[in-house]
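One structure below.
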Amino acid sequence: MSNIALDTKPDFELAKPIHEVECTIISNEPVNGEYRLLVLNAPSKILDCEPGQFFHLLCPVSDTLQPYLRRPMSIYGYYPDKGELHFLYKVTGEGTSAIATLKAGDNFNVLGPLGRGFDILPNWQNLLLVARGVGLATLAPLALEARRLNRKLTAICSARSDQFLLSLDYFRELGATVIPLTDEAGTSSVENMHSIIEGLIADEGIDAMYTCGSNRILKLLQTVGKEHNIPGQIALEQQMACGIGMCQCCVRAFNRNGAIVNERVCREGPVFDLQEAIGC
Amino acid sequence: MLDLTTQIGTLTLKNPIMPASGTFSEDLAQVFDLDILGAHVTKTITREKRSGNPTPRVCEVRGSMLNSIGIPSKGLDAFKTNVIPFYKNYDAPLIVSISAGSADEFASLCEDISVPGVAAIEVNISCPNIEEDGKAFAMRPSTTEAVMRKLRNATDLPLWAKLTPNTGETTEVAKAAEEAGADALVVSNTLLAMAIDINTKRPKLGNLMGGLSGPAFKPIALRMAYQCAKSVEIPVIGCGGISTIEDVIEYLIAGASAVQVGTATFINPPIMVKMVEGLESYLQSQGLHSVKQLIGSVVDQEASDGLVFMEAAP
Amino acid sequence: MLDLTTQIGTLTLKNPIMPASGTFSEDLAQVFDLDILGAHVTKTITREKRSGNPTPRVCEVRGSMLNSIGIPSKGLDAFKTNVIPFYKNYDAPLIVSISAGSADEFASLCEDISVPGVAAIEVNISCPNIEEDGKAFAMRPSTTEAVMRKLRNATDLPLWAKLTPNTGETTEVAKAAEEAGADALVVSNTLLAMAIDINTKRPKLGNLMGGLSGPAFKPIALRMAYQCAKSVEIPVIGCGGISTIEDVIEYLIAGASAVQVGTATFINPPIMVKMVEGLESYLQSQGLHSVKQLIGSVVDQEASDGLVFMEAAP
Amino acid sequence: MSNIALDTKPDFELAKPIHEVECTIISNEPVNGEYRLLVLNAPSKILDCEPGQFFHLLCPVSDTLQPYLRRPMSIYGYYPDKGELHFLYKVTGEGTSAIATLKAGDNFNVLGPLGRGFDILPNWQNLLLVARGVGLATLAPLALEARRLNRKLTAICSARSDQFLLSLDYFRELGATVIPLTDEAGTSSVENMHSIIEGLIADEGIDAMYTCGSNRILKLLQTVGKEHNIPGQIALEQQMACGIGMCQCCVRAFNRNGAIVNERVCREGPVFDLQEAIGC
């Protein structure tokens, strides 16, 4: 439902409506040993999304799996033309195990789109995206948006081994330059990543950097950003109850103007300024 | 004509459905028109800025949740500047929840928040009484009465006392609050509970323990609401585990004059709207014309006299 | 060799899994060999014959149940003639649960049940103290201490005090019981709750209110078991909502030396057998050799000091 | 599971073991507007039943239906040769609604057989069975047993209308004489039933009477039984938690030797002496 009209009342921060709707599963298949792709048939009103936003998913309940809270999940793809919403997820516990049981044709209740997405400022022409593991799910829609805005995108994708390198083809199709790094090949060290990034900066320059997840990558990009004065953004995770800003459970600490401030990942985030973020 | 209104002291609410403190904020305006609600209840505020408890602040337990949010607060001034004006755009009365660690600080905050735009003050006396032994004011009749008297003298606005389930003296505390001038009781806050991650052996909450809310808590809070409604004359506002229209009806039958919905909004953000609609259809289907016909309609007969005030044997 | 034994005072149990009072009887011998259990705990008995509460005596709530069985009892003599001899066929120690409405009656029953075949006495002090205001003995430290002293003088057998969750003074009551000579604490009995049938408007229990047990109750009883284990030196036996081997492990980590399983046996009668097996595989998988390595292994660090004894703010 | 061997320990009342087992659903179809027939594939160890006994059923859990306690259900049919266990049930609330969602091939956890069944003493040759509505489910296996023991059975079956008259063919196939009575046809009044029974007694005599459920029928049979000194048994219902005798929630009051005694329906029952039963 939630087709409750927002009438003439004050627009809360002029924000768009948040919808709670039942979607239908189109498919829910393993992508490799660790990840699954969930494709939903979704009404267009919830497909007015920004890269970096997320949905809050109501997991199905069965005899053996009884998750209670919703589960936050980044938008992996949104396609208003096809009426599709995609999530790429890793089965880690009760909630994601329950989501993995969904079959084509099942109903699935989602809440969103939620949170604040990535910015691509007009003068950011050369974009760098650095991600590891499932973090690519969060950054993928950024590639689509970059192409729409006609920006140049380089994606450094790190994983345990080739088989876990997700979405490379997807990034390539969107015209991105992809640099795959793996633990297996010994190419994923921070040092190597650092020298690759320095190379890119020296070569054609980088106007903005985007990442999510990994602490090591965060620290590296903060160093690089400071040194070369390159702005950046990071998508962060935190446990959530409401997902829309009411409960204050999803706070993380940030460094802002020398002080430590708490911000809600679901509302002020999940995308934050790279330099303000504090690793954990 | 169906009459959904309910009376909480001098306040008439257009329907008995309102949010519970800490589970509601301006953000919900993005989900539905907040004027559908009987009242708006804010997250508890303190006078000073506070940052709240360490994370993780919530965890899931079988069919419910624990929280140890604490009371992060932007402070009184920020509240007056940013929050009160927002709610002035709505007709629904604004109920401000406040808290403090000592009775005097509580009273002075109560006085300072008694400003235009605020329709009633909910006093969260389920917070620790820092001057005494750290037990919440509402755990004992004596500390309840003492803090409520000071609060009563500090404001002319209606005072709603929010009780705690962490006591063996529910009815005595309810009577003490009434005695000291409360206009209504909110029954209740969360119940102290705990969960441990067996893999890490760490408590699942950063704060070790936290409050149980949600469906698992309903039978306990319903029992308290019933006990309170039987022991006091002032209205009782039921709160605890309400997730469906059937739960709303159960509380009204038990004697609650209105209800607060908390955790259910996290799972199902537009649920309060569905409850208002559901209440209307329920009354219609039962041939009732007013919510007031439901309130306290429990058929408990003689049984109630002897038993309500005696803690039942297992 | 895996060591599943646990020590409850002078009693060594061959494993920490036992049934909770009132959720176990000779009948379960038709389901599995009762010697698989660490101990046998009887339904609470009283000296006189009693018929218990009116029906309905149980009802279902979301993912749990309420009961108001009361204490139907065939009386002391029938118990000695029929029940004690049955359990003599087993090696597992027999723990007899007793109750009475006054401290003196309690003590005299305690004395009279201290007979061969009984390994320990569990005193259900969660029942109403009829001489005072009908509140259970275990709701207050003072009444707990008074009744426990008389019980201590009445028997040389180990005394297990069964606490109630219907109090805001869990740790004080625990300390009072220890002080007065309890050998162990059973934490805890059921929590007072209520449910109303919205169609008939009648309470779902004949007794109006009853005790919540089962999964919904777990986070509350676990919190109490943790608080008690932190406050006393005597062993704590965890009880409340234990339904899976993970729940057993969670209680042991929290500080319980053994656990009692109640409602879960109703849903899944052979569950305690699966738990004994599960505990063995768990220790193996963790490279542990003894249950004792698990007990109290919670990683709570500094946080525990300040917080355990303060009722947390919501 | 519950294939835990009962070894050399004292036989509790020499009673048979109670099993908790997963069965497989063969079918679960509506029989008419109100009743459904549940057919399970069951291991032979649980099919050593007596008419009047029951099973305690663990209902499946879903997003919308979350029953917690087991639900007691009389054995409608048990067929050790085919490995089948049948239940006939009416959907009345959350538990039975959940059972109604089970499909062929699903697993279903049952506990039993439980309780004390009907007696057919050697000198009871002419048996009368009087039932209304779903009560027939409980009495049906009695008909099978009566045939096995070569006794004569008359079944008076009462219902709202013909369409709710269950199992008539089943009784007839087993050689019973069936007397259908309906509210619709105005034949189901106590008075009419009374005169029919008096007719049967006058005609060929009745040695024992069996019933279940209805208060009106209980009272009628108690009167008839007292007048003609005919023994009888009744199967009773009461809410249950454990189903095996531990919790004492399922008690009902009985008149025994002038005193009121409480008995557990799950353990001393569900079949009780007709004259001792107290209507409610």
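Letters are used for the chains, namely A, B, C and D, taken in the order the chains are written, and counting of residues starts over at 1 for each.
The rule is short, and it goes like this: a contact is a pair of C-beta atoms (placed from the backbone, for glycine too) under 8 Å apart; a residue touches a chain by one contact, two chains touch by 3 or more.
Bear in mind the structure is a predicted one, so any value in this text is a computation, not a measurement.
Visitor: Please identify each chain that touches chain B as well as chain C.
Guide: Common contact partners of chain B and chain C, which must touch each of the two, are absent.
Visitor: Which neighbours does chain C have in common with chain D?
Guide: Under the touch definition, chain C and chain D have no mutual neighbours whatsoever.
Visitor: Measuring centre to centre with C-alpha atoms, which chain is farthest from chain C?
Guide: Farthest by centroid: A.
Visitor: Please work out the Cα centroid separation of chain A and chain D, and write it as a whole number of Å.
Guide: That pair's centroid distance is 59 Å.
Visitor: Centroid from C-alpha atoms only, then distance chain A to chain C, rounded to Å. What do you get?
Guide: 48
Visitor: At what distance in angstrom does the C-alpha mean of chain B lie from that of chain A?
Guide: Chain centres of chain A and chain B, defined by C-alpha means, are spaced 36 Å apart.
Visitor: Two or more other chains touching the same residue: where does that happen in chain B?
Guide: Each of 22, 61-64, 67, 69 in chain B touches at least two other chains.
Visitor: If I count partner chains per residue in chain D, which residues reach a count of at least 2?
Guide: 66
Visitor: Classify the inter-chain contact topology: is it line, ring, star, complete, or other?
Guide: ring
Visitor: Going by the touch rule stated at the top, which chains touch which?
Guide: Touch list across chains, by label: A-B, A-D, B-C, C-D.
Visitor: Touching chain B in the complex: which residues of chain A?
Guide: Of all residues in chain A, those touching chain B are 1-2, 4-7, 9-10, 12, 15-20, 58, 66-70, 94, 111, 238-249, 251-252, 262, 267.
Visitor: So in the complex, which bits of chain C are touching chain B?
Guide: 22, 44, 61-64, 66-71, 99, 124, 126-128, 134-136, 139-140, 164, 166-169, 189-196, 198, 200-203, 206-212, 215-220, 222-223, 226, 241, 246, 249-250, 253-254, 297-300, 303-304, 307-314
Visitor: Chain D touches which residues of chain C in the complex?
Guide: Residue list for chain C touching chain D: 22-36, 43, 51-52, 55-65, 67, 69, 72, 86, 89-90, 214, 263, 265-270, 273-274.
Visitor: So in the complex, which bits of chain D are touching chain A?
Guide: 60-63, 66
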